[in-house]
Amino acid sequence: MNLLLLILVPLLTATAILLMRNASQVKWVALTGATAQLILAFVLFFAFRKEQAAGNPLQMLFQQQYNWFPSWHISFHLGVDGISVAMILLTAFVVIAGVLVSWNVARMTKEFYFLLILLSLGAYGFFISLDLFVLFFFLEIAVIPKYLLIGIWGNGKKEYSANKLALMLMGGSALVLVGLLGVYFSTPEHTFDLLKLSDIQIPPEVQKICFPLLFVGFGVFTAIFPLHTWVPDGHSSAPTAGSMFLAGISMKLGGYGCLRVAVFLMPQGAKEYSTIIIVLSTIAILYGAFATMMQKDLKYMNAYSSVSHCGFVLLGIGMLTKVSMTGAVMQMVSHGLMTALFFAVIGMIYERTHTRQVNEMGGLLKVMPFIITILFIVGLCSLGLPGLSGFVAEMTVFMGSWQHPDPLHRIATIAACLSIVVTAVYILRAIGQTAMGPIKAGYENLSDATWNEKLAAIILVIGIVAIGTAPFWLNDLVSPASQLILEKIQLVQ
Amino acid sequence: MMEPGLYHILFISTALFFIGVYGFFTRRNLVTMLMSIELVLNSVNLNFIAFNKYLWPNRLDGVFFTIFIIAIAAAEAATAIAIIINLYRSHRSIDVENAEEMKY
Amino acid sequence: MPNLTYIALIPLLPLAGFLLLGIFGRNYFKTTSGIIGTTLLLIATVLAIYTAYGYFFEYGKVAGVYQKLVPLHYTWLEFSKGVSIDMGIILDPISVMMLVVVTFVSLMVHIYSLVYMKGEERFPTYYAFLGLFTFSMLGLVVSSNIFQMYIFWELVGVSSFLLIGYYYDRPSAVAACKKAFIVTRFADAGFLIGILILSFYSGTLDFNTLIQKLTSPDSVELKNAVAASFLGVSALTWGLVLVFIGGAGKSAMFPLHIWLPDAMEGPTPVSALIHAATMVVAGVFLVARLFPVFAISAPEALNLVGYVGAISALIAAVIACTQTDIKRVLAYSTMSQIGFMMFALGVSGHGGENGLGYTASMFHLFTHAMFKALLFLGAGSVIHFIHSNEMKDMGGLRKYLPITHITFLIACLAIAGVPPFAGFFSKEEILLAAYQHNSIIYYVALFTSGLTAFYMFRLYFSIFWNKKADIHGEHHGEGGFALLMPLILLAVGAAAAGFIPFGNFVSSDGTKLESAFHLQFSILPVAIGLIGIFTAMWLYKKKNDKPDKIAASLSGLYKAAYRKFYIDELYTFITKKILFNLIGRPAAWFDKNIVDGLVNATGKATQTISEKIKGMQSGKVQQYAIYFLIGVIALAVLFIYVWK
Amino acid sequence: MNEFLMIMKSEWLITAIIFLLLLIKLGKGMKNGSLLLLVQVLLLLNFITGFFFNKEGSLFDGMYHTSSVIIFQKNILSLGVYLISLLFADWLKKSEHLPEFFILLLSALLGMFFMISSGNLLMFFLSLELATIPVAAMANFDLGKKISSEAAMKMILSSAFSSGILLFGISLVYGATGTISFVTLPTQLNGSTLQILAFVFLFAAFAFKLSIVPFHLWTADVYEGAPMATTAFLSVISKGSIAFIFMSALYKVFGSMNEIWYNMVMILSIATMIIGNLFALRQQNIKRFLAFSSIAQVGFILVGISSSSTEGVSSVVYFVLIYVFSNLAAFAVAASISSQTGKEKVDDYKGLYKTNPFLSWVLALALFSLAGIPPTAGFFGKLFLLTAGASKANYMFITVAALNMIVSLYYYLRVIRAVFMDKNEQPIEKINTDPATKLGLVICGAGIVLTGLLSWIYDYIQSLN
């Protein structure tokens, strides 16, 4: 399996899109590209499982290394482990769904799809790169497309949101950059290579400075409290596909970075700061949930709930046990699929009702059964119903977190457990007000989903159910990787 | 009747330098400002000559430098005057305070 | 031992029904879906009964002890060595018994609904949901792993949510289903944390291992679990209490019962299935499942179970006496009966004669499933006939609904504990167990059973006797065979189930328990029951104003009971005032104004600064030169005097 | 003799072109169009020949010296000049003094060449003046406009003042060390007070030319007033050349005073980035906006310079190369808009994308490159500058620099937003750019994209020293 394909396919798709004449051609090219991505992701997945089954001892499989700025000891070093494979699968799912959902974008279709694909390119690159410089390169590639997507095709106070998002994310990546440079110079032979660095013991005083820089920097991407405020505005102003990508993919870049770079390279720093991480993420979980309870706008609701759900990711990482970290990754995947689907549904509803205020809707189940059924599914997934992905992920995080007997961890875990009740409250409130009850006047003859919307929704639902009903494949994929990270941590006294 | 030493000359040149600077800061007339620049340059010339004569009599860099400075000063002055004339064409004045259109 | 993997089919068949009807029903099986669902369930029922027969009479018993068989078991999600969520099937007396009960009642309801729900717009969806529920309930009862049980626990919760909210365009139904889900959800959080605690100390999630580790007196796990304590209570007790909270939520025990009466918004057959016969007893089942741990290692937790059960039984009975909506009356009676089962477990010991309560509880669960399902279905056909839930619209219906009338009467007698109906035997065993172990609970129970008899017959008389209801227009009769057949079958059950020698099959330790029948003991309960019945007859047989007089005479109590002791109001206060106004609103405000405000403030600050310092760029070339010189001097000073 | 020709090849070429233009001017002259074409061809040749038969070495006992890095730097500059001749074709064709303009421009370029390879303070001073005075004249080339002559006035006066300061410093150096040659000077440095004072004076003069805060104030006004081509030349070519010589002066001549000037550079760099950004935030005029943004960029160049290492040198050279592409592209777009519509305000750019997608994309590319967004080359340029600077493990410094990137991103995004997002009733009408300009823009775009991704370019620069 040649990982370069994961970069080349989006690249070719993007260029092809630019060459296309009219909107419909653009769409089909984009769809083909997205499908190709999905196929690739699955090929990668099975190839990876095969290697695993064959008992390949390497941490990173399918490695490739090309010279790139050798004078800085930078090399275009690619490779994947279970976590990255999971992330790549997630990305592929979200991308194809996003392409399908935005099928009838009228304005500047070409540019729109170009940016979407560019964003996916950034994500793939980020997930497969083993050289911190390359990783950072792709991380930043993924920022500007979001800005443009929100700013051009968004609605509401889009300029404000777009600016806020771009600046906060760039701020995050600025911190990351400083952290990376610190790591780079802390080692005898200056290198950005992840594996080389993981062999070298980075001096504690450097970790003391660089870990928070890196963690907070990546944390901004995954809405670490209190640097999460770009999330509500950004998501709510973005076009449907935009918010799908935002919540589904780009928030995951952060979590992945925290795990793969910050924790993996600087276990000592991780140990040192884990308390703070846990406190912050617990706050984010509860606070996000309660804030969600008060939202009237569906997109804001989902955005705040994303803050709460990504809190689980950070909690899992902060707990520094194998199970909890596996859970964090699962939560990333699950939340990615789930929230993308949620935004897709919200978009579909909005296209028909032209409002996102829950109290202006009602009884939509009667007129759009399919869409609302999906809304039910995704809602139940987000409140952690067994058989859907959310449950598995959250339970894994809980089980992992509970392995620490000391009060702090206990309290954090219990608080997290209680948050699922609050989740139930706001999800049911949203569903009850939009889907159930007597139908509001004027909505009697709205249409149900079109083929592309149905397809998109079904694809994502398949993902959710696949994890929810058979979590073992994801678990088997991820837990060896988190095992290795854990061993790094255990090396520290 | 004592022989003037390096420090006398340096004193004079420094004084000249600051007079020039002061003039540059305070004069409103562009030509006068140009003249005060010339003062500055001349103080520098004095410096060079003095250093050359008293400190490094066997290296003539100072002298050459002075000569070149005089030449450059002439060129600079020429361009400056040309520009000032141009300014006068458009502004009908050579008062520096009338040329403060662009700011902030 | 034969190959038992086919048992997996029992839950999977309803699941298949759910998927089939849920995905394609709307388009392809608009009318036939009922038949499909029913047939699938029929097969499942047959299998279940076959299994039960096999287990109880062929391979279940080894050396006089019923074994816990695990015929099917695979790892679903492994957390770490030993700690993993497994999907498995456990066969032991209670699970087999539950298999039969669930499939049978569910089948009855399926058949009944063929008529009752005919013509509903979402007919296929209804059957799909029934299938989902049946699947989850069956999965729950056969769970071999505590986390597996939690999974199905949640699933029954959601299917009950979906079915209560079946009439989604009725605001009351929507409110009810949300309430039901959230209240149980809250309890489930307790269950979850309980699971975490238990698994942490026992290092396993598998029921058998867990019970074995936490009951054998010399096991390290047990020592740790008891040693570790929080607020002076051992971790083990905490774990079990939390688990019990989960059970209490599902089984509508006080004070988590508030959702059950509202849940009657769902279609009546659903109430019969979920909120009478099966799901609501899941809590009892859960406690029974972990009973050894309760009984041996944490008796104080078991006492809690007992008292909660007793209190719920009493309160529910009192409230039931005052309700006028017949389904609500039944709901409260359900709650009260489950209270009986709970405290029966609470007063039971483990093993041998002490285990009487356990057996009694399971026995009562069994019989109760029969007669309570019957009551609901009967009430259903009454409602079907009169299109109202209110007593005041009813009366004298015995002429119109003869069969319903008879079956309903049988059920009432059964629940009132009149021999020889089923309820008599089970209740009598319960009272006996209580009598032997805990006198307080015994007297409470005695009084409650009296009340039970009273309110049930109040219901019976005011439906079928009392004033004559005005039957406007021509009325379709009692409904077809499909509507009556379940009633009759269940009536048979309610009448005869008592004669099953239950102790032979179900007991706390799997050994045979001789259920001795003490005549002299059972006189008193029966007498009290009869008193209750006759009071009801005296008050409600004919239309008169005695009831109102009495209500007026003890107005305070009556009012309180009528308003369900204001517990709903309390909850509304907590959620609305505290959760929303005291936490949610501030959180949202804080986020909008403080956190976000800071972010924007930085932007603002930058803007203002840049506005402030613009004077530097004054456009005066001389000033530029001055800055230049100042810069030079500053640098010189800095680096000659300061930095050097 | 042959060697004497070869070593100074690039200077000779420029001189030849200058004289050719003079002759053309003295003759009956040519049409602007054809003359411009000729100039473009000549400059292209000049650029190309820059890569062949180069010879390192020094002349006039060290007064003039050249090395492979210096040659490459000169190539960058001549590339910039060539691009200018392409990009500003619209404006150049219109101006009635085309030959003079190029004569001045080229003599300034000649001055810069000499300056880069000067081995002696006298040489340096002469070439500096040669590089400055013609530009002042060029600044005045919009003879009609008031602000043009104002700009020229401000430039000539303040640069005269700065050369006064410079000379005073040089005289002190001469007094303190007795030598003005870059070779012998380092041996005489002992960090005495007088030498530090002299150094501060010299430093200030450099800082003035490089427009480092607080010596930058002339920049914005001159940029705004001068014709776009001159502004571009000032902001790219002369900045670049000064940066080169500044760096080599600091490293080679004042290397022994490293710890002093490191702090000096650090303080001024932080000040420059912050002030530049703060002013850029509130600019409406695109030229002024670019002026302040370029000041902020200089702050970044200083970060690179602060690491006295070969990485520092190559990253600065690399950055200047990228900066040539990006900034020239930005200026070119602004120029072709203003030369046809006279609109220079950011708000006028609203809805530009509707009418001129090509220009908008180039502008976006250029601005992203300036902001340092991947995959544009600017990203790599800035990152390498920071990396070079970080080698001193001065986290505070690097963090400030990194955070300044955000502020700068904010105002670059302002323009992007105007171009792509904001609605506008009467956007700028379709602009038909000169083919030469198009070619230039394409070259710039290609440069912006490829210079970063093709790592061998950087490695080539690195290999030079």
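By written order: A, B, C and D. Residues from 1 in each chain.
The working rule: contacts are C-beta pairs under 8 Å (C-beta built on N, C-alpha and C of every residue); 3 or more make two chains touch, one makes a residue touch a chain.
Quick caveat: nothing in here was measured; it's all calculated off a predicted structure.
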So which chain ends up in the middle if you average the CA atoms? A
Can you name the chain that lies farthest from chain A, using the mean of each chain's Cα atoms as its centre? B
Report which of B-D and B-C is connected by more C-beta pairs in contact. B-D
Report the inter-chain centroid distance for chain B and chain D in whole angstrom, where each centroid is the mean of the CA atoms. 27
Report, in whole Å, the distance between the mean C-alpha point of chain A and the mean C-alpha point of chain B. 66
Would you kindly tell me how far, in whole Å, the mean C-alpha position of chain C lies from that of chain B? 98
So the centre of each chain is just the mean of its C-alpha atoms; given that, what is the distance between chain A and chain D in Å? 42
Among the residues of chain D, pick out those that touch two or more other chains and give their numbers. 153-154, 157, 161, 220-221
Flagged in chain A as touching 2+ other chains are none
In chain C, which residues are in touch with two or more of the other chains? 614, 617, 619, 621, 625, 629
Can you list every touching chain pair? A-C, A-D, B-C, B-D, C-D
Residue set of chain A touching chain C in the complex reads 164, 168, 226, 228-229, 232, 287, 290-291, 293-295, 304, 322-323, 363, 365-366, 369, 380, 383-387, 391-392, 395-396, 398-400, 402-403, 405, 413-414, 417-418, 420-422, 424-425, 428-429, 432, 435-439, 470-472, 475
In the complex, chain B touches chain C at residues 21, 24-26, 33, 96-97, 99-104
Tell me, which parts of chain C touch chain D in their complex? 606-607, 609-611, 613-614, 616-617, 619, 621, 623-625, 627-632, 635-636, 639-640, 643-644
So in the complex, which bits of chain B are touching chain D? 17, 20-21, 24, 30, 33-34, 37, 40-41, 43-44, 47-48, 51-52, 55-56, 59, 61-62, 64-65, 68-69, 72, 75-76, 79-80, 82-84, 86-87, 89-91, 96, 99-103
Going by the contact rule set out above, which residues of chain A touch chain D in the complex? 67-72, 74, 133, 137-138, 140-141, 143-144, 147-148, 151-152, 158-159, 162-163, 166-167, 170-171, 174-175, 177-178, 181-182, 184-185, 209
